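Common to both upcoming complexes is chain A, partnered first by chain B, then by chain C.
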Partner chain A sequence: MSEQNETLLQVIDLKIGIPHPRRETLIIVDNANFDVRSGEMVGIVGESGSGKTMVCRSIIGTLERRGAKVLGGQVLFGGQDLAQISETNWKKLRGKSIGYVPQSALAGPNPVLTTQQQLAEALRRSEAPGTIAEQSRRLLDLVKIRRVDTVMKQYPNQLSGGMRQRVMIACALASNPKLLIADEPTTGLDVTVQSQIMQLLQEIRADFGTSIILISHDLALIDDVCDRVVVMHAGATVEVGSVTEMVNPKHPYTLALNQSRIDIAVPGSELVTILGNAPSVGEWNPGCRFVERCTFKEEDCKVGSHPPLFGERGSHQSACLHRDKLKG
Partner chain B sequence: MSTNIIEARDICVTFGTGSHKVEAVKNVSLTLAAGEPLGIVGESGSGKSTLARVLAGLQTPTSGQVYFNGEPLYKGHRSYTGEARRQVQMVFQDPYASLNPQLTALSAVSEAVRIHNKCSKSEADVKALELLRQMGIAQLDAVKKPRQLSGGQRQRVSVARALSANPSILLADEPTSAIDQSAQAQLLNLFRGLLHQGLAIVLVSHDLGVIRYLTKRVYVMKDGVFVESGDTEEIFNHPQQAYTQELLASIPGALGAAVRNQKHAS
Partner chain C sequence: MSNINESFPLADVAVEEPRDKNRLALRRLLYGRILRSLSVGFWVSVIAFLMIRLSPGDPVQIALGAEATEASVKQMRHELGLDTSIFQQFYNFITGIFQGDLGKSFYSGRTVTDIVGTHLPVTLMVIALSILLGVIMAIPIALAVALSKNQLVTYFFRASTSISLALPGFFLALVGLLYFGIKLNWAPSAGYEGAFPGNLRYLWLPALVNCGSLVPVLSRVLHSSLMDTLDEEFVETGVIRGVSKIRFYWSYLLRPSLAPTVVLLSYMVGVLIGGTVIMETIFSLPGIGRELITAVNTKDYPVVQGVVLIFGIIVVFFSFIGDLLGYLLDRRVTLS
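Coming up: the complex of A and B.
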């Protein structure tokens, strides 16, 4: 499995901010660090507002559309720094080497296009053999849509949530990308549909060796399908490790997340919750940004800048100064 | 022995006519005891939300009747007024859509307090603040508008508003599906506290993990009918219907994995 170990994407010390003409630039992501190896499924977990979607936007180059900018760090993909390349170069990459499945299945597809038209648009730049119609059929087969002829002529409002998400995945797969980013692909869908979509993603990975980044706030879901987990809190990566390593977390935030899982809770027992809320963007405190909610905090946590990830890149890393306290 | 506070008999709900006719709920009967945590589980389109709306008095059933403490609820155009209206409260699925964006959390709850209790505005504000505090929302957050609150906080404001009527039944329609994991744990802890205070909770969800955690008895709904019902633990350990097994196997994490492994073994 030498191919497994090849690093496909490296996010290094990424810093993203929203510039403002009069006020100070608002920093929304700082210290984002993780790798994606080829053929690997990586889960990014974090609360709403932790910056997980913004990091992914920097990987597909749609930050600027939201007024945000990469202010520092690197996003290395196949030897190129995605933070530096021009829009023309983006057009060669986006949708071809990197596919994206947006968050909301219900708002994702264009409502005035039929499935066929939607796919045709995605296939416009495809270099694969065959006509667009043939390729569309192949894609719909790939995402396990059975009534291909009917679905081709249908508009998004005629499709169920699960079907719409399948169509979106088909579009993202149009040019056989090396990396697929799925941003909370199953939010708002039933658990049964969710498990089907997850199965589909795993099959795609197995069949094509596609690397997948799965964003979710459901740790249990990530546990089921991913190889490695990236935990984000208030714009920073606080822990990175394999799913098995994460059973014994080295960061208090991950520990708390693990304990708040209901699938391992005893029915009726008190669930562990995380104190307070994550600090809002623009209101980050000095030192560790988790300190206000942390049960392991000490005085040195409250000063300086946010701690970096300790440990060797690629191993089980944590951004906690007192990570040794969590052992055992 | 606790008495049945709600008894629904042969509820049918149909929407549309002719070829567009949809039978959302077909001949469903259920009972709810005082202070009982009850679950209704099913996929989208199974009719569980429609049934919850019938129980909450928001959807007149095509046929059948709901009895609240022995009194029929739906009786012509003056249905569901008075005591039952106050005692059955509902929390909706989407915390982003169920709060008035113009009102602060405090005024949203205070408004509800004044509707259900005879009191002055200042008295209502005090009571509303107390309710919000019980829901874990500090005064600092209480004066914020919904857009300044997180999803979990909004959902807790909705619960506070529902509790302002001092109800005996809380109907929660997928309260956890739009909020993240730690917010979900907070909300479930709250619900658990409310159960200890003797409130009956009907939890409608597609997430069996939540159902298992909170409820003692569950109805599994599919295509408008109950396919299975009974003790929650019993159904988790020995699901009789293929549909229930499928639902169980789809739960992410440890719970679902156990069922999936069992399936492989057999």
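Coming up: the complex of A and C.
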């Protein structure tokens, strides 16, 4: 349990943008801040366009092929700043200590490769004992796939959504990673399959001490399975804290997210929704980017730059100037 | 959560056995295609049979000339079987097909199967060479444009493919003949020599001209599939796994993008046959297309019918191969 407190990944003041040859660089993430400790499951929650996926891509080094670039800040992992790594060095690093489970189960696996071929690719650099075939079987066992021989020879379109995602998790585990990033791993899966996948992720964490970053827009799901929550809004981290701390949010956005949860809605009452829409990328207002939708706003919220996270790193942090108003 | 764990201890695999499913699909495809080629073959022969008879001109008049006597016309008509009813003639044609007999040329007296056997290989060689050259050019072009981040490259690609498509094949053929044939003397401007490696020097230019329309179409379709693939999430996993460059280009970019292009290419064989017929005339190649043109001009019914039927079979055969290849490349392609 002493390992629990060791920090595995630190994202510090991360800024990501998409450069354009003629127009101004489009900033998509600014002020992203959070830590992941060993053996911890961290949920990143936010609406679409809040930059959750982009932050993850900076951790796995696939920003560049989407035309995006790290413009500032640090991504510290295993003594290295991933934000500064060149493409050639990424080649040596990728697929070793960070596993990645892609967003959609339907589009995640390569459609022209069988399960066997996908696993063989993922296991290419594995140093674990046993042949590729033996290791593949072990991985499929691990993600609780029963008819291993059949599944091995199947193409993704012959597998159900849940099975595809299990295969993807098996591939992500091939390198025995310290950190597993699951980007909305249950999108498009039905509820029973969703809970099976979540169960699996929790077991992996318990058995191997793997840290997991779970990206989702479902706060209820994150509440259920994660230790800590990172709330993102318009490219910035607005609140960080443990699941228990989040019961009393310190940021109006988190509060609004909490109130709009369907699972805790009172039957018969009208569903609470968050005022307005998240500001689009490139249309961020000065000051706090949540100000247009905030019910606690004051004049000083509308000027200057986006407020930083207040409080000590690792504690319950909020990026709201008037966080004290939310207490109680 | 522990409840969930007990009620769903293992993933449920509700899938069919893949092998049986694949085999079934393949068998169905094969049977379907045999039926389809039979029906296509039948209708092609009906159309070929009727078209040539409906067009003006009488083969006997053409053969014997204006000064032929009534008696000689009548006798030749009888010899060629043209004095029977059109239904009888069609019956004879169809039953002949099933016995491998496509009839004899009215003029040379050679059997149609003999004519096809001598001249078809030249045409097929031009088509095969066109496809080979076309694919060799289209894949790198489409890949380079898709991977280029420069918008100008894409504009230039769009513009040049449109221009190339707009230029008629016979024009390109004549320009090619003047430039490569006469100015540079890289290709003989006419004539043909039969054996395989030697005949390539007569065939490469016609095939290249065919590529003038083939490459723009193929590279455009492949380019748009590649752009779609590049947007796919699975490409990310390829990057993360750090697969080798060749493997990445093949398994993560080309192979998931190729199926539409392959299927289109196989369907374009019909268009290629049309183009090749023109090339054979311009380059004086002894292909089956030139025989067909002569036969149409002289109303050589059996040759026209036979050659058109063979063309129909070739088109059906290639579309079958294309569908099969598309499926083998990418299992998302459904066989129907």
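Just so we're on the same page, the second predicted complex is superposed on the first by the 328 of 328 C-alpha atoms of A that agree within 3 Å, B and C clash if a C-alpha of one lies under 4 Å from a C-alpha of the other, contacts with A are read in each partner's own complex, and residues count from 1 in each chain.
Just so we're on the same page, a contact is a pair of C-beta atoms (placed from the backbone, for glycine too) under 8 Å apart; a residue touches a chain by one contact, two chains touch by 3 or more.
Keep in mind that what you see is a predicted model, and the values were worked out from it rather than measured.
Legend: residue contacts after superposition of the two complexes on their common chain; A:Lys325 is shown touching neither chain B nor chain C.
The partner of chain A that touches more of its residues, comparing chain B with chain C, is C. Judged by the touch definition given at the top, the superposed model places A:Lys302 against neither chain B nor chain C. In the superposed model, A:Lys144 lies in contact with chain C only, and not with chain B.
Of the two partner chains placed by the overlay, chain B and chain C both lie in contact with A:Asp224. In the superposition on chain A, A:Ile264 makes contact with chain B only, not with chain C. Once chain A of one complex is fitted onto chain A of the other, the partner contacts of A:Gln154 are limited to chain C, with no touch recorded for chain B.
Applying the stated contact rule after C-alpha superposition, one finds that A:His20 touches neither chain B nor chain C. Contact with both chain B and chain C is seen for A:Thr192 once the two complexes are overlaid on the shared chain. In the superposition on chain A, A:Val112 contacts chain C only, with no contact to chain B. In the three-chain superposition model, chain A touches both chain B and chain C at residues 160, 192, 195, 198, 224.
Interface residues of chain A, counted against chain C in their complex, comprise 57, 60-62, 65, 67, 91-92, 94-95, 100, 102-104, 107-113, 121-122, 124-125, 143-147, 150-151, 153-155, 157-160, 162-163, 166, 168, 171, 192, 195-196, 198-199, 202, 224-225. For chain A in complex with chain B, the residues that touch the partner chain are 47-49, 160-161, 187-188, 190-195, 198, 217-221, 223-224, 256-257, 260-265, 267-268, 270-274, 277. Those residues of chain B whose C-beta lies close enough to touch chain A in the complex are 43-44, 150-151, 153, 177-178, 180-186, 188-189, 192, 206-210, 212-214, 232-233, 246-247, 249-257.
Residues 1, 4-5, 8-19, 21, 149, 230, 232-243, 247, 251-252, 255-256, 329-332 of chain C are the ones touching chain A in the complex.
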